[in-house]
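Next up: some structures, all given as structure tokens.
Presented sequentially are two complexes of subunit A, the first with subunit B as partner and the second with subunit C.
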Partner chain A sequence: MHKLNVVGKRSPMLDALEKATGQARFTDDLSLPGMLFGKILRSPHPHAKILHVDLSGALKVKGVQGAISGKDIPRKKYGIVPMAKDEYALAIDKVRYIGDEVAAVAAASLDAAEEAISKIRVDYEVLPAVFDPLESMKPGAPVIHEEVPNNISASIRKEFGNVEKAFLESDFVFENDFETQAINHAPLEPHAALSTADHSGKVTLWSSTQIPFFLRRNLATTLDIPESKVRVIKPKVGGGFGQKIDLYAKDFCAAFFAMKMKKPVKFVYEREEMFTSTRQRHPFRIRLKTGMKKDGTIHAQQFRAIADGGAYNSTAPLMITLACYFIMLPYRLENLLFEGYHVYTNKPVGGAMRGHGIPQVRFAVEAQLDMISEKMGIDPLEIRLKNAFLAGEPHPAKLLVQSCGFSDTLKKAAEGIGWAEKRGKLPFGRGVGLAGASFPSGVSNMSHISSGAVVKIERDGSITLLTGAADIGQGAETVISQIAAEELGVLLEDIRITAADTEITPLDPGTFGSGVTLRAGNAARMAASEARGKLLEAAAEKMEADIKDLEIRDRRVFSKENPERGMSFQEAVKVYQYSDRPMPIVGTGSYMPPAKEPTTLLKEDGNFSPAYSFMTQAAEVQVDTATGKITVLNMVAAHDCGRAINPMLVEGQLEGSVVGGMGQALYEDVMTEKGQVLNPSFLDYGIPTAMEAPSINSVEVETDDPEGPFGAKESGEGTQLAPAPAIINAIYDAIGVRFNILPVTPEKVLEALQKKE
Partner chain B sequence: MRLPQFEYVEPKTLKEASKMLASDKKTVVLAGGTDLLVNMKHRVIEPRRVINLKAIPKLDHITAGKDGLRIGALTTLHDIASSPLIQEQYPAVGQAAGEVGAYAHQAMGTLGGNLCQENRCRFYNQSPFWRGVRSPCYKAGGDLCHVVKKSGKCHSAYCGDMAPALIVLDAQVKVTGPDGERFFPLKKLYNQNGKKPLSLKTGEILKEVFIPPSSGKTLYLKWRLRDSLEFPILSLSLHMETDGKGQVKKARIVFSSVGEGPVEAVSAEKMLKGKLLDERMIEKVSEQAVKEISPMRTSIHSPAYKRKMAAILVRQALEELRNAE
Partner chain C sequence: MKHILKLHVNGEDYEILTEIHKTLLEVLREDLGLTGTKRGCDLGTCGACTVLIDGKPSLSCLTLAAAVRDKKITTIEGLAKDGELHPLQKAFAEKGAIQCGFCTPGMILTSKAFLDENLKPKEEEVKKAISGNLCRCTGYVKIVEAVLSVSEKQ
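So, the complex of A and B:
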């Protein structure tokens, strides 16, 4: 590969200035003439039958133009996983958690909308509710969805190898219980939607979404209109972390009212609604049994994982399946029995969140590995290195790992934290710990899983790039532009990117599963390459050169053999035009990950992702033994991202993930009491602030993946798998106390220290 | 969340403001707004009229005199935290101001507003939707307490940062009412009534805080999970004067967030008087101080944890002052 010019550069995000100066327009910044404001009435009961909804009071409020309840909407269920649809945009027969959507209003002002929802009268028949997943699984528990009488809405039982035999062959067997808490994604931008409809019945929706094309499909389904009648546009999005991978009532209601009243309608959620009525990371109860060989080989593992799903499915079957398969990386594991259950409760709904089911099981595995290494007298770093998966090894679940820098990440993270000097050698109260993980770079084969791109070379030599990819703040548009610029031999500033508008840009699955760079990046590269070929054809003709001998770099077309011979990029465009070739120069690309035994994993094994990232986190903590307060001093995030298209953005992703993981380990917890969220605000839900952020050292390990664009793989999402166990392992090194239940608050540390005395 | 509708007035004198306030029970005064506006958005306070005090001159000042320091009620917490005068003479007061909420709260919030802030409770500081899940509590106009059922009173907690640090320094407050001014100890501003925590009479508005000259040392210790944004899980201020040979002449210990008002550990203070501050005494005093607080489950933190932390903080404060001798 020749020297890279744009890829690998630490370029600021394309919209950095716009965002820093407040010019960037998010959904709530948008306004249309005559726009109405919407509000949603939510259930105060965790479980109740809706007997009657009386909207008349709302309709009498001055300025109110419409009010609807579940009986007014098409009886069309939705769900992000087609096989697990279980939700109506507004509850129809019953409500299943505190915050479930019951009715909606649209009014000329927000004040009127707020007043109107307080005037809606709902008669409920309160039903017995269940809040604990273990209780919910018991016979006789209240049934939350009639179609699922045992409340287990998704489950997986999967065996690889021969687990029973493997445990008999094991020299040591360890068995432990672990528990993780509910975490809210807490994106700074609240969920919002603005919709308008024209007289042909076509609906346009601006939405804070990670998945414009899936949203189009789900919206069309729930509105009961053809997909071609729906256009979804994604403005700037202020973070998603998986929470914006779903249709919400605000999307449906904005569009439904817009169609009904032929006026634009906007819905914006309150922060409280973000906590009660969107999605959260599933709390897990995990029993993990591990069989070890004397030499430190992990020989067998058995899981029983129960996910508290809350009132609806969202991604349930996929989430529990990912938890199963990704336990088989980054370590070699021949014998696995995984039993996983997604259980309904009358609580806020679980969904995809940064890591998607994997952080919870990863925590169990990584924490237990440290217990094992202590009992067996093997260094935790050594035991991980010994079992580390290697590129090209056959995988028991047929995952195809073409590049793998896991061992390198282990070594570099250990080196960065000072493992050899510090582990077990620091004074009481201070300690280091590490944990590893692996994550897919997108999904190999599902419906809607290919990405498209269009590249147009304009008359002035600038480039228009169309991509369906949804930048939600991670910098996807910057990275995709860098890839296109590199391929075309122009500069980053030559690219004008238009993204994520279902009517204008090509199909793209959206931002989830960490596939954007690989998928949309490859599509952009293909499109750029095609346009480049057309331009070079004209240039070669003019230069009387072989097209294969031509190269473009730094806005200059030249002969590789004789670099003096050439012309500027813009001149080449002129040559193209004057040779009577059709303008504009258009290249298109569609990328679908190669289908070598591809699978969604839901029904059969196979390769899930075109590439897998690997990472190790190492933490150094200080525990104040008088108060129990834990300070994370340093964090090293070593990440095999294949190649960093933009190292600065990769570091931003890693740092964000570290702080998020730290939140799970020490600070965050969506607490509920009888289904009611006790801390639905940034005051009481304690995401770590800048004051708590540790010194973070991000180390990129480059393995140049054969499938990734310029070798790039996932970065950022996978990194959130390992910080929590790394911190928990460091706490053990500091004070000799093991915590198997998250989060580890000062209160728990104090209790544990007193017990220890 | 939106503010409810209200009439807005900007009087030019405190006297005028006081008369307006006295004339109508559904009138409130606005200073920095960091407490009031959130409560209004939550609809736990729904005033008919809001009096903005910020147009009234001469209420924003920090003035040193030979008899002590006077701070105008509209002085922002940020100005207090960054005042060289306060940092030099009453560092604990500056520190307490610098620990209120986050930077934006300090920039907007005023001393008067902070001292007069409403009590807090996990059942009270919530949206109408949230509170609608159960019947209204005493503080929100209902007739029960969700924290302690059947107790017959409101248990909301006073959670201010400034009051403890000022009470231990014997601060006095000047208030302006329709019939003139009153001057009394800050401690008496709080009547330990969760539903109506301030002893201000009809129409009275806090005008100024006076801190007498102080000898000895003062500390403010705030316990919270994050180093920004949060109200105290609990906090305490300790003031101590010694005879220079380690014997305690005078001690004051005042807590926040563990009762319906700032709570002074009077017996623990008496215990310290005339004693040497040794390890045993520190142990005894911290045990005693914890007996004098009565935290309830008004926040997401348990009363048992608050007690445990109270003992730890008292001990830390005493040790710090002893070591500073």
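So, the complex of A and C:
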């Protein structure tokens, strides 16, 4: 490959100055003349029949223009996974958790909307509720959805190899239980939606969404109108981390009221609603049995994983499939039996969150690997290196791993944290630990599989790039523009990108499953390549040269053989134009990953993702044995992201993801009592602040993946798989106590230290 | 009930007819169209609504607009001087300290007030200064780097 000019540069995000000056517009920053304000009435009961909703009180409040409940809306279920639709935009007949949507109002002011909500009378028949997934799975437990009498709404039982035989062949067998907690994504921007509708019945929705095209589909479904009548526009989105992939009541209600009243309507969630009524990381109960050979080979693993799904499915079947398949990487494992269950409870709803089902099982594997290595007297780094999967090996689950820098991430993370000098050698209270992981670069999204792009070379030599990819703050627009600029031989500043408007931009699966750079990047590269080819054809004609001999770099078209011969990019555009070719020069691209839809993998084998990223996190911690407080001093994030399109943005992804992972190891927990969230605020929930943030060393391990655009793969999501086990393993090194339940709070540390004495 | 509220924001005098119970955040966003000030929690817990009141970082969601009528208020929109961006705005953009950008206005204003009082801060002091401003994207690393880079130039 020739020297890269734009790809690989630490370019600031294209919209960074807009964000630094307050000019960037998020959904709640938008307003339209005559706009109404909406509010949602939520269930106070974890499980109840709705007998009657009386909206008359609300309608009498001055300024109120509309009020609806479940019986007023189309009886159309939606869901992110078509096979698992189980939710109405507003509850019909029954509420299933505290915070479930019951009714909504639209009013001339927010004050009026709030008052109106308090005037709605709902008669409930309270039903027995169930809060523990193990209780929920028992016969006779309250049934949460009538169609799922056993409350197990998604399950997977998958065997690779011969697990029974493999355990018999194993020299040592280890069996442990692990538990993880509910985590809220806590993006800083609250969910918001603004909608208008015209007299033809067409709805336009601005929404804080990660996946505009899925939102369009779910909105069309729930409103019971054709997709062509729905236009979704994504303004700036203030973080998502998976929480903004679902349709929410605010999207539906804004659109429904807008259609009904022909006025713009805006809904914005309060922070409390973000905690109680959006999505969260599934708490898992895990039993993990591992069979080891004497030489340290992982020979067999058996999983029983129970995910507490809360009241609805969201991504349930996909989440449980991810959890299963990503036990098969980053270590070589011939024999796995994975039984996974997604179980309904009367609690807040589980959904996709950075890592999506994998951090929970990865925590179990990585924590147990350290126990195993101790018992077997093998260094935890050595045992991981010994079992590390290598690129090009045939994979027992038929995953196609074309690039894999896992071993290098292990070595570099160990080196970065000072493994050789520190492991087992630091004074009591201080320790180091590490953990590895792998993640897909692009999960095939059900029915929105391919990513499209359009590149237009304009008369002045500038480039217009259309992509459906959704930048939610990770820098997708910058990275995709870098890819297009590189392919076209122009500068990054020549690109104007329009992203994520379902009426203008091509279809894209959205920010989902870490596929944006790979999917949308490949599509943009293909579109750029096509436009480039058209331009070069005209230039070759004029230069009387072979098109294959022409190259474009730094806005200059030239002959590779004789670089002196050439013309400026803009001149080439003029040549093109004067040869009576159609303007603008349009190139289109579409990329479909060579991978199966994950839900088909519930039953059959196949490749999960176009590429796989690999990572190791290493942590150094200090435990205050008097207070139980754990301080993470250093983290090393070694990540094989293929080729980094923009190393500065990759580092930003790693750093943010590491700190999020640290929160999950030590602080964060959406606590509930009888289905009621006890800590629905930043103050009570406690995401890490700058004070807790450790020093982070990001190490990029470049592998140049053949499938990725310019060799790029996933970067930020997989990083959140291993910080928690790395920290937990470091705590063991520090104080000799093993924690199998997250988070590890000071109380738990003190209790464990007392027990130890 | 509405009243006439006189506010001094970003060097301009405003006279607004607005509800007496409104917070400064509401008045800035809804009456003055200064939407650079963000509403992240409305409870004073995230720092996204931080503005400067007489140069001190303050949570506009917990401040009644009527209570600051005699004060000088600076929002993110008022930080650039004569078309020249504040060094912190440039540094945040160039150092990758901005991802989703929702915490950015509050983070920059808190940092500005801090640097005005602390010419050569240590890393730990910067972290402490911005600890009331939450960020879920960056892990704070590049934000701290950006603030320190500006202090070095001062």
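The working rule: the second predicted complex is superposed on the first by the 748 of 757 C-alpha atoms of A that agree within 3 Å, B and C clash if a C-alpha of one lies under 4 Å from a C-alpha of the other, contacts with A are read in each partner's own complex, and residues count from 1 in each chain.
Note that a contact is a pair of C-beta atoms (placed from the backbone, for glycine too) under 8 Å apart; a residue touches a chain by one contact, two chains touch by 3 or more.
All of these numbers come straight from a predicted model, not from anything done at the bench.
Of the two partner chains, both subunit B and subunit C are touched by A:683.
In the superposition on chain A, A:691 contacts both subunit B and subunit C. Subunit A is touched at more residues by one of its partners, and among subunit B and subunit C that partner is C. By the touch criterion defined above, A:671 reaches subunit B but does not reach subunit C. Of the two partner chains, subunit C is the only one touched by A:657; subunit B is not.
By the touch criterion stated above, A:270 is placed in contact with subunit B and with subunit C alike.
Shared-chain residue A:442: touches no atom of subunit B or subunit C. In the superposition on chain A, contact of A:330 is made with neither subunit B nor subunit C.
Residues common to the contacts of subunit A with subunit B and with subunit C across the two structures: 270, 682-683, 689-691.
Residues of subunit A touching subunit B in their complex: 42, 44-45, 98, 110-111, 114, 118, 270, 272, 626-627, 667, 671, 676, 678-680, 682-684, 686, 688-692, 745-747, 750. Residues of subunit B that touch subunit A in their complex: 1-2, 5, 102, 122, 126-130, 132-133, 223, 225-231, 299-302, 305, 308-309, 312, 316.
Those residues of subunit A that touch subunit C in the complex are listed here as 10, 12-13, 15-26, 28-29, 185-190, 236-239, 241, 268, 270-271, 472-475, 648-649, 651-652, 655-660, 681-683, 687, 689-691, 693, 696. Taken in their complex, subunit C has these residues touching subunit A: 29, 34-43, 45-46, 48, 75-77, 79-80, 85, 89-90, 92-96, 98-105, 108, 126-128, 130-144.
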